[in-house]
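Chain nomenclature is as follows: A, B and C, assigned in order of appearance, with residue numbering initiated at 1 for each chain independently.
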Amino acid sequence: MTDLAAAPIFTSSRLRWDRWRTAALGQFPLIVTIAAYLFLFVPLLVLMAYSFNASRSTVVWSGFTFDWYVQVFEDRRLRGALANSAIIALVSAALSTTIGTVTALAIVRRNFPGRDALSTVLMAPLVLPEIVIAVAFLVFMVFVNVKLGFFTLIAGHILVSLPFTILIVRAAASALDRRLEEAAADLGADEVQTFVRVTMPLLMPAVFTAFLMAATLSFDNFVMSTFATGVGTTTLPLHIYSLLKLGITPKINAMGTLLVLVNVLLVIIVLGRQLRLVLRR
Amino acid sequence: MKPRHANIRTVLTASAFGIALAALALPTAASAEALHIYAWADELPDEIVQDFQKETGIEVTVDTFDSNESLIAKLEAGASGYDLVNPSQYAVQILAKKGLVTELDHSKIANIGNISEVFQKVSYDPGNKHSMPYIWGTTGLAYNSDCIKEPVKSWKAFWDEKYKGRIYMLDNMLAAYIAALQVNGYSANSSNPDEIAKATESLIKQKPLLAGYNSTNFADLVASGEACLVESWSGSVINVMKENPHVQYVVPDEGGTMWVDGYSITKNAPNAEAAYKFLNYLLQPDVAAKVTTLTSIASVVEKSKALLPPEVANNTAIFPPEDKLAKADFILDTGDATKHYQDGWTKVKAAQ
Amino acid sequence: MTRSSRQRMITLAMLAPSTVLMLVFMVVPMLIVVGYSFADRDSYGGVVPAFTLASYGELLQPVYFPIFYNSLKLAAINTIWCVLIAYPVAYFIAFRAGRAAPVLLVLMLVPFWINFLIRVSAWVVLLGRNGLINASLQAFGLADEPVRMLGTYGAVQVGLLYAFLPSAVFPIYAALQPINRSLLEAARDLGAGPTEAFARVTLPLSLPGIMAAILFVFVPSMGVFAIPVLLGGGKDIIIGNLIVQLFLEFRNIPLGSAVSVVLLALSSVGILLCMRALRRVEMNRV
C-alpha cells in the first residue's frame, strides 16, 4: 500500500470516499441483481394474484375465488396439452444438451478444417426468423413423407434450441482451465478418465444451464410447434393461443401459477441435493 | 467418486426415460374408430365432443390453431392427418381453390335441412359444396360507455379526433378494410382499385389517431378502459361484456360484416365417414343449442334458438336485430383484387 | 489404427449428430427457401417455379427501408440494455451466490413457464392507464393524470428486456463460472485493485460469454413480432411482423423468402464476425 503520510493529497476524507466507492462498486452486482429479479417477478406476482380473480377478466380485478383452479383440473384438453409440452420439453432438452455439449467440445478442443464455417452454420436457427425455419421444416417433412407427430415436434424443438446449448457449453469450455486436465494426465489418467472425472464435472454447471434454457425454449415455443405438430400433439402454447379468439380467462393464470409452484418445488427437491454435490469441488 | 459419474448417468437415464415416456404417450393404433379434428379452441366445447364419443364410440382428437392463415399454411404443406377442419368463410374459398378440401356429399348429412335459409345460400360457397356452416357472428365495434358517453353507431367514430389515442383497429387487413371501405360508402367486398385506394387513404389518415392495431387482447383493453373504442369480432367481446356492463357491442350503421365458421372435410381424410357423422351430429337442434349456450356464439341451426335460455336468446351481441343484419355481408376472399389490398395495407402499416 | 486417425474418428463422431441435424433439418430447407425467393407467386399464395429477381426488386422500394432500419435499431438498443444488465447479474450468480447459484438460474426462467400471452396480460395490468403503476404514481402524487405507457416505444423496450434478459445472463454466467479464482488471487497479490483485477482478468475471460449473449439477443430481437404488437400498439412494423405477414396473411411466399434471405445475409455477417472473434479468444486461451 502507498505510504499515506508521504502523499499529502490523500486526505482522510478522500480516502473515505475511495473506500466508500469501492464498497459501492462491490455491491453493484447485488443491487442490479435484486432489481432484475424484482423486474422479472413483479409481473409474475400480478399473474398469480389474478388467478384468483372472481371475473373472467385477466386485467380487471373483481374479487376472490378458487373457481379457476377447479376448472384447470376439470379441463381435459388443457391437461393433455400440458402433458405434451412437458414430455417434449424434457426429451428435446435432454437430446439438445447432449448433442450440443459434444459439439461444443469438438469445436473448442479440436482442430479440423472448416471449423469456422461449421460453427457459423450451427448458429443458423438463430439467424432466421422462426417462421421461416418452421415452414421450411414442414415442407421438407412432407417432401420426405415423414408423419407429423411427437418426433417431428421434438426434432423441431431441438433445431431451435441447439445453437443455445452449443454456445453456452462453448463459453464454459473455453474458460476452463486446461491445467486441471493436464494435471490429471500428469497423475496418470488416460483421455477417457480425464474427460469423465475432470472435464465433465467442471462443465456440469454449464451443461445444466444449457439444459434449463433448452427446456424453457421448448416449453414456451409457439411458432415451430404450430407447423411441426401432428395429430394429438397439441402443446400448451398452441392450445392457449387458440383460446384467444374467444378470450383467455384466469384459468390460464391458475395453470401458470400451479406450474410455477411445481417448478419451484422441483427445484428445491431435486437441485437442493444434487447440484450441491456437483458444484462442490 | 460416485457423484460425478452419477450426474452423467442421470442425464442419460433421464433422456432414456423421457424417450420411453414419449413412446408410451404416442397415439397408439386405436382399435376404436378415430376422428381427427383441427379447430378453433373454444368454439368446439369439450362437452359436445364427449357427448358424441359416448353416442357413437368414435374416438375424437381435437387439435387447435390460432388463425385461418396458420390453418391454410398447415394444410398446404400437406399430409396433415386431419379429417375435419374449421375454417372461417373466406378461408373456405381459399382452401377450395387450392383443392385442399373435398366437395361435401349432402346425402350423407341428414340434418342438412336444419341450417337456416340465410346460410343455405352463402356467397362464399354457393350450395355449401365445400363447407358446412357451424356458427356465425358479426364484425363491428365495441366501446366502453364509461369513456364514451354517447352511444356509438357508426364507423365514423374511428376517425373522430375526440378519441385520439384511445382507438384500436383489428390488426387484420380484411377487417381494417371493412371499416375503411364502408365508412366511405363502398362495399366491404369491393374489388375496385379506386375504391380500395380511397380506403387506403382513409386508413393512413386514421393512423395518427390510433393507439394501435390489435387482434389479440383488444377485449381486455376495452374492458379495462385502456381503449375507449375498438374494432371487434362479436365472439371475442361477448365474454367481457358479461362481466363489464359498460362494454357495448354494436354492428355499425354502415353494415359491418358477418363471419361464419364452418367445417370442411380435407382431401385424403383418413376417416371421412366419421366426419360426416360428426357434421350430422352438430346440426341437431339440441346440440346446436348447447354449443350456443357454452360458447355464447350464434348457431346456424334455426330451430336451436327456441331451445335457448332467454338471457342467451335475447343477447343482441349474439343475435343482432334483423335490420342490422340486412346490411351486413360476408367478407370474401379478395381474389384478383388481392394485390391492391396487400399493397395498400403495406403502405398503411409502414406509414409514419 | 494410428493415433491421429483415431483422433479424427472421435472428432467426426462428436460432430456428427449436430452436423447431420443441421444439414437435414436446416440447410436443405433453407436452400428451398432461397429457391423460393427467386420464384413467382400465383394469386392464391402458391409458388410458381421460375427464376426472377422481382421479389428482391420489390424490397428496394422505399416503403421497406424504414422497416429494416427500425428492426436494426430496436435490436441494437435491446442488446445493449440486455448485456449491460445481464453482466452484473451473471457476475453476482457466478461469484457471489455460492450454493444459491443453480436456484437463482432456475428462478430466472420460471416466468417463462407461464404462457407468453398471460404475461402480456400482466403488463396490461401494470402499465395500463388504470393499471397498478399509474395508480401508485397518482396515489403518491407523482402524476396528475395517467401516464401513457402501453403502446409506446418504451413499453416495447421493457417487454423485450423482459423476454431476453435470461438469454443474456445464461451464457455470461456459463463463461464466468469456470474462471479459476486463483487467477484473481494472483492478480491481487501482484497489486491490482478489485476493479483492475476485474478489468484485466475476469472481463477478458468472459468475452466468449458476452459474445454469445449478443448473438442470443441481437439476432432474435430482429425477428420478434408479438411484443412490438401487443405492447407497442403494432403501428410500426419490423422485420418479424413483415415476415409473418408475408408468409401467413399475404401468402406471398417468394417475397417472404426474399425478406428472410436478406435477414439471413444481414445476420450472417454479424455472426461470422462474432464467431471469428470467439475463435481468436479461444485460441489465445489454449
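Here is the rule we use: contacts are C-beta pairs under 8 Å (C-beta built on N, C-alpha and C of every residue); 3 or more make two chains touch, one makes a residue touch a chain.
Predicted model, so just to flag it, every value in this text is computed and none were measured.
Colleague: As a test of understanding: of all chains, whose mean C-alpha position lies farthest from that of subunit C?
Modeller: That would be chain B.
Colleague: Looking only at C-beta pair counts, which chain-chain interface has the most contacts?
Modeller: A-C
Colleague: Can you compute the centre-to-centre distance for subunit B and subunit C, using the mean CA position of each chain? Integer Å is fine.
Modeller: 33
Colleague: Distance from the CA centroid of subunit A to that of subunit B, rounded to the nearest Å?
Modeller: So the centre of subunit A lies 34 Å away from the centre of subunit B.
Colleague: Round to the nearest whole Å and give the separation of the Cα centres of subunit A and subunit C.
Modeller: 13
Colleague: Show the residues in subunit A shared as contacts by 2 or more other chains, in ascending order.
Modeller: Residue numbers touching two or more other chains: 58-59, 135, 139, 241, 244.
Colleague: Counting only residues that touch at least 2 other chains, which ones in subunit C make the list?
Modeller: 117, 121, 124, 128, 247-248
Colleague: What are the residues of subunit B that contact at least two other chains?
Modeller: 70, 73, 216-217, 220, 224, in rising order.
Colleague: Report the residues of subunit A in contact with subunit C in the complex, numbered from low to high.
Modeller: The contact residues of subunit A facing subunit C are 22, 25-26, 28-30, 32-33, 36-37, 39-44, 46-47, 50, 58-59, 99-100, 102-103, 105-110, 112, 115-116, 118-133, 135-137, 139-140, 155-156, 158-159, 162-164, 166-172, 174-178, 202-203, 205-206, 208-210, 212-213, 216, 219-220, 222, 236-237, 240-241, 244, 248, 252-253, 256-257, 259-260, 263-264, 267-268, 271, 275-276, 279.
Colleague: Under the touch definition given earlier, write down the residues of subunit C that touch subunit B in their complex.
Modeller: Subunit C residues touching subunit B: 43-46, 63-64, 66-67, 117, 120-121, 124, 128-131, 148, 150-151, 229-230, 232-235, 237, 241, 245, 247-252.
Colleague: What residues on subunit A touch subunit B, complex-wise?
Modeller: These residues of subunit A touch subunit B: 55-60, 62, 75-77, 83-84, 87-88, 90-91, 94-95, 97-98, 135, 138-139, 141-142, 145, 147-150, 154, 196-197, 200-201, 204, 207, 211, 226-227, 229-234, 238-239, 241-247, 249, 274, 277-278.
Colleague: Flag every residue of subunit B that touches subunit C in the complex, lowest number first.
Modeller: Going by the criterion above, the answer is residues 67, 69-70, 72-73, 76, 94, 97-98, 165, 168, 171-173, 207, 210-214, 216-217, 220-221, 224-226, 335-336, 338-339, 342, 346-347, 349-350, 352.
Colleague: Which positions of subunit B touch subunit A when the two form their complex?
Modeller: Going by the criterion above, the answer is residues 1, 3-5, 7-8, 10-12, 14-15, 18-19, 21-22, 25-27, 36, 40-43, 46, 61-66, 70, 73-74, 77-82, 216-217, 219-220, 223-224, 233, 235-236, 238-240, 242-244, 295-297.
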